[in-house]
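Below, subunit A partners subunit B and then partners subunit C, in two separate complexes.
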Partner chain A sequence: MTATQRMDRVPSPSPSPSSSPTPSRRRRHRERAGSRLAAVLIVAIIVLPLVPLVINSFARGYVFPQLVPAEWSTRAWSIVLATDGGTWRALGWSMVVATTVTALALLVALPAGRVLGLRSFRGKRVLEFLVLTPLLVPAVAVAIGLDITFIRLGLSGTFWGVVLVHLIPAAPYAVLILAGAFANYDADFEAQARTLGASPLSVFRHVTLPAIMPGLIVAGFIAFIVSWSQYVLTLQIGGGKVLTLPVLLVSTASGGDMAITGALTIVYALPVVVLLVVASRHVARAGWGMTGT
Partner chain B sequence: MSSSGNPRMLAEPRRSAPWRISDRSGRIRDSAWLKLLPALVVIVPLFAAALMLAVIQSLGYFPLIGLRSFNVDAYRSLFGNDEFWQSLLLSIRIAFMASLLSTVLGIAMALGIRGIWRRSRRSAFLFQLSLPIPHVIGALAIVHLLGQSGLIARLGHSVRLIDTPSEFPALVFDPYALGIVAEFVWKDAPFIAIVVLGVLGTVAENYENVAASLGASWWQRLRHVTLPLLLPAVAPISVIVFAFAFGSFEVPLLLGESFPSALPVLAYRLHTSVDLGLRPEAMALAVVMSLVVMASALLYLVLVRRVRRGEQT
Partner chain C sequence: MMTRVDLVGVTKHFGSVHPVEDFSLSIQPGRVTALLGPSGSGKTTLLKMIAGVLRPTSGDIRFDGESVLDLPAPERDAPMVFHNALLFPHLTVEDNVGFGLRVRKTRPAERSRRVAEMLQLVGLQDLGTRRPKQLSGGQQQRVALARALVVSPKLLLLDEPLANLDPDLRSEMRELLLNVQRSIGLTMVLVTHDQEDAIVIADQVALIRDGTLVQEGVAREFFERPASAWVAMFFGAGNLIPGERTNNEVVTPLGRLRVISESPAFGPVLVTIRPEAVVLDAVEGQPNSFQTRVIAAEFRGTHIRMQFTAAGVDLEATIPVDEAKSYAVGDTVRITLPPEKLWSLPAEEKRPLRPSPRT
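Now for the complex of A and B:
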């Protein structure tokens, strides 16, 4: 680490106003200009697919080959946001489920992430595999595997049933991200605080928590998104009773009203986009873990 | 140096504190197992139950519909079914294409914006925009973008390339699953790019500067310095992208042809069929999918290990 750090001082020359720009500085200049162009292009590609959905939600009779809608309308929005419509209930379900999943995932992941991050021990590989696999196994496989058992246990079609199955992919994410946070954490500060007479609780509050806060924010953010994005688990285990936004959205989309689908899409996307605004800085730094959600 | 953008989420403990060697003696303390317990209790039984139940039911034990014997009939009829092989092939092709294209584009994107990545917060936000957006939305967005009456087709019409929607090539609900792959690339290329940016920022820059000062050209630096540094970090993430694309349900559901359908869609269809006799086959399919994904997980861990070992020497 130190070797590579020292190395980067070698090529950068001492700044003197009279000398012409060095090759490395000229290179960096060119790179930055190219970067700006590339950034505009990339952002356009990322944002472009979302544009038709937004246009659709404000359009009436937006058919081929109109590029700009012939007629603008807020009809879809007034239907989607109607107080007696299903949107608000679905939004409520999604919020409550995702919040509960996030809280539970963080709760169980905190101690596990600490052990995985700070220690190495025999059996750690097996443990890593046990944490990684639930996160990768197709949701369909889990959903149909648990189907009959959840019906028999009376968990099918209930809030807690859906929360439990969402935890299968969400909790491993939280564990892995917190393990990453703890890997850069020095537990010796806790020993120092203890020597100074701090109770276990105040050690956690004043030493551990502030140190791993960024990791905790990212872990919570990702756990929330994982739960927020689940479709087939909710569809199968929720059995049409726990009607979250994605379930409502897919059934609306199959109904074929583009404008209403567009508006509902925005309602579904907005909360996570707002969360991204809040967490963007932390997430960019900590990496996205293995988010493919 | 912080582990910014560290792709290795299964982090190794720090090596710089010799006084904590006792913790790494190779034996885990009892209290440590206790700490692992809550997470394991939540994750393992649920997940293990799901898989065990799938295995048991795939072997024909299905009291609900009067099946109580163990046999491999479901597997035999699944493997004898042409649709299964077509679906398997399709799913593997989707996952492979998604993983390959996301990796190549992700690296290209990262190299493109590395110069301003740490400076512009706004572009950092926009750049990550597709990551938290659910696949259901991504899939619907692709329909409205690449469909035959989608935005691109309309743009084609406005420049007189096509007259009717049917003249636009079928990019969604198509036999090549292009729309499905496009959705995964849209979501996963930026994800890979962020991993790459982490490596570029911490390690690669120094070596690139050395190479540049020794007179290496842009291409030489990319070929002999940057890519060899990136690939070990990116390879495991590509495996993860493969596994996600392979197991995804909603994307092929919303963007795929009905025949052949991707494996997860086929499994769901068999499971929800009115013919309850098809359920063991659905379970067998769930088991097959899980095995493919577990193999990916193992490959991921092996690749990560190799990177770590490489760093230690």
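Now for the complex of A and C:
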């Protein structure tokens, strides 16, 4: 009995490379196949809905029950991508607004998420709920009332007015995601860095930031998407002066030209898809957390 | 570098929790001082206050006579080594060790030279390019030590550096700490709940209970001259005999016992003796000797642990293995408590007498 136990502890020679696949290796194989299937599914869910749009954007006179258009054309694309058209300007508005909203949302969410994630205090649950409320109340309900205030403040129809109103749904997401990131973070790492001589700025740059980077990327991505896809709030506060892509897209779609609408939708969706791919790569690479033991 | 550290009436309150209360201690330069105490006694809080990570509620902390209360942690040159090593997971071993130099903007050439030197010192010169996750617990602890030493600190603060290690790694790490201390000669403060670590590594031991200093001195004094019954229990003394002391005699249920004259307590006292100081098979007529009955004899590998009872008092003794053969449970044995080994303590209030030294 004891002899066999002792035998077990003797390091066994490493399996030779020529040996047949072990059960564990086969399992790993199956797991890899499974995750590949999942990846294919996710891509299909994101990419497949875009296919009819692509077909539409190159079609001329595409009516039911045709499976593929009878005639192809680049008319819609030349209109949408025309240098003097509104597309580029709208793309520019969307980019600048979404980027600014993302930056401001993260600026608010870093300290707020840190407190919610690291500290425990009386009323924390209530505070977390309050952070969530902007997501529970329909934005339109707030926007109409807010518009009156914004007109009084001279923010209506301005860039900053739109940015501010976008922060209402964007910031809570960022705060909650970063609170999650900080909840898995051991603040003793910062104490450790300080005793080794690191200034507050060094601690943030070399310790805190790398540790919460995955959360920061996800929070930034979500904030960007929330702002990028705002239509009602932009229209209400922007008053047609801040013409972002969704505003242009809806007015184009109501015009009834399916080809142009298709092309514009692709212009609208593509940056987000690219961003998603880039962000998910970074999150995967930054996948080491500074969690305590 | 040798820095003297003075803790003067240091107190720390977190709301209604008071982990450290009016704590004063002089930590000698160039020596190893152990802050020893059961878990939750406030010793890590003390260490963090010395490091500058926490600020005392009141009291003063002085390095070489000068108050450091307003000196932020990065400027104290007192790196801490945490019990779980806390290596930065996104950095290699080399970059972890070089962290303190990098934030001090040391030139890269100088930095890599000193990092290599420190890795050599802790015996990990071949693992510089590894990630912390690829190291064992003992190796991580060594890297953490190298990372603290590379900045040529005034003071090295160790928080349970041996707690997470296997027994053989523990003794290896103890050796390493002692070697480092001898070769660099810096002031070291070690927090531990393990009296053995404190005894082996430290020159000076400060025993803490509930955030206050209970006794301070060299390790031997805790065994031979404990300040209270709690201290005696913490250091494994099983013998506590109640009695009434006048001059150098204590009236106990076992009869009159003579004690060391310098024993501090008079009146109602507890008399204590180390289990290894009890003498068996005494001749009748010797002072402090009496008949007892054996109630247990346990083989403990290196020694035999005996338990006796007499007049309602239980006594404990440890004796060498070869002497033990002749005793069995139920035997009557005459034992002596040599007067020069008997120490009297104030009969303490009935506080829980069970410290929890993990042995």
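As a convention for this text, the second predicted complex is superposed on the first by the 231 of 293 C-alpha atoms of A that agree within 3 Å, B and C clash if a C-alpha of one lies under 4 Å from a C-alpha of the other, contacts with A are read in each partner's own complex, and residues count from 1 in each chain.
Quick note on the criterion: contacts are C-beta pairs under 8 Å (C-beta built on N, C-alpha and C of every residue); 3 or more make two chains touch, one makes a residue touch a chain.
Quick caveat, the model's predicted, so the values are computed rather than measured.
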Partner chain(s) touched by A:229 [first = subunit B, second = subunit C, both, neither]: first
Which of subunit B and subunit C A:199 touches, first, second, both or neither: second
Touched partner set for A:126, first subunit B, second subunit C, both or neither: neither
Contacts of A:210 with subunit B and subunit C, given as first, second, both or neither: second
More subunit A residues in contact - subunit B or subunit C: B
Subunit B versus subunit C as contact partner of A:188, first or second or both or neither: both
Subunit B/subunit C common contact set on subunit A: 186, 188, 288-290, 292-293
In the complex, subunit A residues that touch subunit B: 1, 4-5, 7-8, 10-12, 23-24, 27-28, 31-32, 34-36, 38-39, 41-43, 45-53, 56, 63-67, 104, 107-109, 111-112, 114-123, 125, 127-134, 136-149, 164-165, 167-168, 171-172, 175-177, 179-180, 182-184, 186-188, 221, 225, 228-229, 231-232, 246, 249-250, 253, 258, 261-262, 265, 268-269, 272-273, 275-277, 280-281, 283-293
For the subunit B and subunit A complex, residues of the former touching the latter: 1-14, 17, 19-20, 23-24, 26-28, 32, 34-44, 46-47, 49-51, 53-54, 57, 64, 109, 112-117, 120-121, 123-138, 140-142, 144-145, 149-151, 153-155, 157-158, 165, 186-188, 190-191, 194-195, 198, 203, 205-207, 209-210, 212-213, 237, 240-241, 243-250, 253-254, 263-264, 267-268, 271, 282-283, 286-287, 289-290, 293-294, 296-298, 300-301
Complex interface listing, subunit A residues touching subunit C: 186, 188-189, 191-199, 202, 206-207, 210-211, 288-290, 292-293
For the subunit C and subunit A complex, residues of the former touching the latter: 48, 51-53, 72-80, 82, 84, 86, 88-90, 99-100, 102-104, 133, 147-148, 151, 157
